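Step one of this worksheet: look at the structure below.
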C-alpha cells in the first residue's frame, strides 16, 4: 500500500571542518530524537568568519516517516 | 483583535492515485494530531517510478493556529 | 568547540499595525515556549483586506539552539 | 507575419474536488469575458482547511491575444 | 459551494515614510475602484534615493473576488 | 509629495527578428491604450521553432502611473 | 556499495483529462525506451486553451540509473 | 487526440554579435540532428570577457516532439 | 544621450526599531562615501533574537551612477 | 571564430564520503561516454538516511562541446 | 596550480538601442578601471518608458581575477 | 547600540581538492585586504572539467563590518 506520510524538520549543523562534517553533526543530533529518518535536502550553506575562524554552517531539511496515530509511540509525532 | 499566530509544519503525503489524493492522505494524517488546521501550500511534487509503479508524492506546508500559551491544551504546541 | 545544532520553526504573525509589529507578535509567542532563540528569517509578507481592514501577515522561520539530548530538559526538543 | 501581442491576467480558481477542477472553474469564468484565450501557467497551489474542509486553490496566469487597437471590440483590451 | 474565482492585479505604492505606509497608499487607491478586496502579497521592495530623498516603493499583487458574469456590475471585471 | 501608485500589466510580444524587437512590438501596442507608461521588466524569454521558423517571444510586465480616481479619464484604470 | 549514477531527462506530457494523467502519458512513453526508471520531479504545469479546449501540460524531469559503461547494453546511455 | 510527449535538451550557443545570434547558432546546430523542434526557453545569459573580447553565451532548453516508439526512426529518441 | 552606467553595492543595516529604520541606517552610511545614489532593492530581511533582543537586519543593494573615468574624482569608482 | 555549441546533461552521483566525492563519481562516469567535457554546475544536494547510513547525493548539469554534425563521430551527439 | 580568486561587481548599463548594446556600454566602462575581466552574468533586464522613449537597462555581474595582495598594483583590489 | 552596517563582496575561489578548500582559498584572500570579516553565504557551486581536470569553483558573498566614516582607516571602505 502506497499511502505513507513523512514529516520534515529544519535543522542547522555547524562544524570547523567542512560542510560534509556539518551535515554529519546535524544528522547525528537528529538521530538522538527521531526514528526512521529517510532523507535530507541541503537548503543553504553559510559560514562564520569572526575572530579568524572559518565555521561551516549547513541548513538541512530532514524527513522521517510518520506512523499512523495509534502507532505514535513507535515513531515521530507530527507537531 | 488581529494578533494571531500560526505555525507551519512540512509534511509529505504519497498516493498511487493522484497528487490530489496524496494531499488528502497528508491532511488526514495531520488532522489526527493537530487542531485548527487553517491552510496549506504545495511546495513540491515528485514521484517514485521503481518496479513499474507510479507513486505521487506531494510536499506540503500545513498551517494551524497557535493558541496563547495558557490555552496550550486546546491547540497545537509550538515545537 | 564549534559543533552546534539549531532547529528552525515556521511561524506566521499577524498585526493591524505594520509588518514589524507582526514580527514582534510572532516572536513574543515563540518566547513563551522556546528558549535560546537565536535568529529569524522573513519568508513572506502578505495581508488580509476583507471588510475594509488591512491586516499585516508575516511568515518567519525562527531558529533556536538545540542542546545535546541528555540536556533536553533545558532546551528545545527536536520534533 | 509574426508580430503578435498577448496579455496575461492572474486568476485564482477554487474547488472542493481537485486542482484540475479548480483550473476548470477559473478557465470557465475567464471564457465568459475574454476571447481568444491561448494558454495558462500554474503559478501556485494552496488550499483551505478550515472547519474540516479541503478546498483546492490554484493561481493561474491566463494569456489571450490582443487585437490591434482599431479592432478592440472583437478582442480583449489591454488594461 | 466552493467554486469561487478571484483576480489579482499588480500595483506599486510609494511613500516617504515606510513600507507599511506605501502598502496603505496602494490599497487605498485600489479601494477606489475595486470591491471585495480579499488579500495581497508583497512581491518586491525597492526605493528611490535621488536628491537626498528616501522613497519606499512596494510592489503588491492585490486579489479581489470576481462575481459571475451576470453580476458583473456589483464586482470587478476580469480584464 | 511622494504618494504615487502604479499598475503593472503583463504582456507578451513576438517578433521574427530579435528579443529587442519583440519588446518594441509589445510596448508599441501598450502605448495605443495606456498613458504614462513608466518602466518595464523582462520576465521570460522563449521562442517558437515550428516549421523552420525562429520566433522570439518576450514576456514583460509594463508599469504605468495611476491617477487619482477623480482624474481617471486622463490615465489608466486600475482593473 | 554506495557509488551510483543516475541520469535525468526532461519530458513534457500532455492530456485532456488532468495533470496526473499527463504525467502518466509522459512516464509511459519514457518506459518504452528507458530501463530502471527511479523517480521524477514536476518542474512546470501549463496548459493550452485554444479553440475551447483545456489541455494539461506537465514538464517532468525523469531519472533512471546508469549502469557502468561495460554494462551499457542493459541500461540507459549517458548522452 | 491530445496525448503528446516532448523532450527537452539543454544547449548553449555562443556568438560575438548578440544574444539573439547566439540563439540562432544553437538552434541551427540542433536542427542538424533533431526533427520537429517545437519551442525553446532561455535559461541563462552569460558572456566571456577574456583578452578584450565580448562573447555572448545563451543557455537554452529546446523541446521537440517524441514520436511513439514504433515510429522512432522518424523522430528524436528519448535518451 | 542614454548611455549611463551604475554600480550596485550590497550593504546590511541593522536597527532595534524596524526594517524601515534599518534601511535608513544603511542608506545614511552609504551617503557618507558615495555620491549620486539612485535607488535600492531589498534583498533579504532577517533578525537577531539573542538575549531577549529583537534586532532588525536588512540586506540592500544600493545603486549609484558611475561617471566616466576622467571624471572619477567627482563620483564613485568601479571597484 | 566564436560560434560554439555545448550540450548539458543532468546526472546524479552518490557517495558515502562527501559531496565532493559524489561529484567525482558522477564526473568519472560521464568521462566514460562523453568527450570534451567543459564545466558543470551543482543543482541540488540531498542525501539518504535510511538504515543508519548517510549517503551524499549531488545533482549536476555537465556540459560538453558539440562538434559540427559532419564531425559527430568524434564528439558527443545532441540527443 | 588551481588556486585562483575572482571578484564580482554588479553594474547596470543602459542604451537606446538594444540589450546587447547596453551590455557593451557596461563592459566598456568596466574596462576603464578593471584589468583581467573574465566573464559576466546577466541578472536582470528592465527598461525605461517615460516620455515616449524605450531605454534598455541590463544588470550584470562582471568578474575579474584578483592577484595576490603583493601584486595588487597590477590587478583589481578586493573591496 | 544596535545600528551597525556591513558590506558584502562577491568572490569566487577555486581549488583542485574540494568545495570546502575553495572556500578557504577565497576567505584567505579576503583576509589579506579586509578586516572584521563576519560571515559568508555560498551562492553557487560550479566546476571546470577541461583537459581531464576537476576544478571546484565556489561563489561566495563575504560580509564585513563597516566602521563609521571618520574611522575608515581601521575598516573596510564602502565602494
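We call the chains A, B, C, D, E, F, G, H, I, J, K and L, going by the order they appear; numbering starts again at 1 in every chain.
Convention: a residue touches a chain if its C-beta (ideal position, glycine included) is under 8 Å from a C-beta of that chain, and two chains touch if they have at least 3 such contacts.
Treat the numbers as computed from the prediction; the structure is a model and nothing was measured.
**Student:** Keeping to the contact definition above, tell me which chains border both subunit F and subunit I.
**Tutor:** Output, common partners of subunit F and subunit I: E, K.
**Student:** Just going by residue numbers, which of A-J, B-C or F-H has an interface where over half the contact pairs are the same as at A-C?
**Tutor:** Going through A-J, B-C or F-H one by one, only B-C repeats the A-C interface.
**Student:** Farthest chain from subunit E, going by mean C-alpha coordinates, please.
**Tutor:** Of all the other chains, the one whose centre lies farthest from subunit E is J.
**Student:** Which whole number of Å gives the spacing of the CA centres of subunit D and subunit K?
**Tutor:** The computed centroid separation for subunit D versus subunit K comes out at 40 Å.
**Student:** Can you compute the centre-to-centre distance for subunit B and subunit G, using the mean CA position of each chain? Integer Å is fine.
**Tutor:** The separation of the two C-alpha centroids amounts to 27 Å.
**Student:** Touching at least two other chains at once: which residues of subunit K meet that condition?
**Tutor:** Counting only residues that touch two or more other chains, subunit K contributes 7, 9-10, 18-20, 77, 79.
**Student:** Who touches whom among the chains?
**Tutor:** Every pair of chains in contact is listed here: A-B, A-C, A-J, A-L, B-C, B-D, B-G, C-E, C-I, D-E, D-F, D-G, E-F, E-I, F-H, F-K, G-H, G-J, H-J, H-K, I-K, I-L, J-L, K-L.
**Student:** Using the touch definition from the top, list the residues of subunit B that touch subunit D in their complex.
**Tutor:** That would be residues 18-20, 23-24, 27, 31, 37-42, 62 of subunit B.
**Student:** Show me the residue ranges of subunit H that touch subunit K in the complex, using the header's touch definition.
**Tutor:** Contact set of subunit H toward subunit K: 17-20, 44-50, 52, 54, 56.
**Student:** Within their complex, state which residues of subunit J touch subunit H.
**Tutor:** Touch list, subunit J to subunit H: 2-10, 61, 63, 66, 68-69, 72, 77-79.
**Student:** For the complex, give me every residue of subunit B touching subunit A.
**Tutor:** Answer in residue numbers: 7, 9-16, 25-26, 29-30, 32-34, 53, 55, 59, 76-77, 79.
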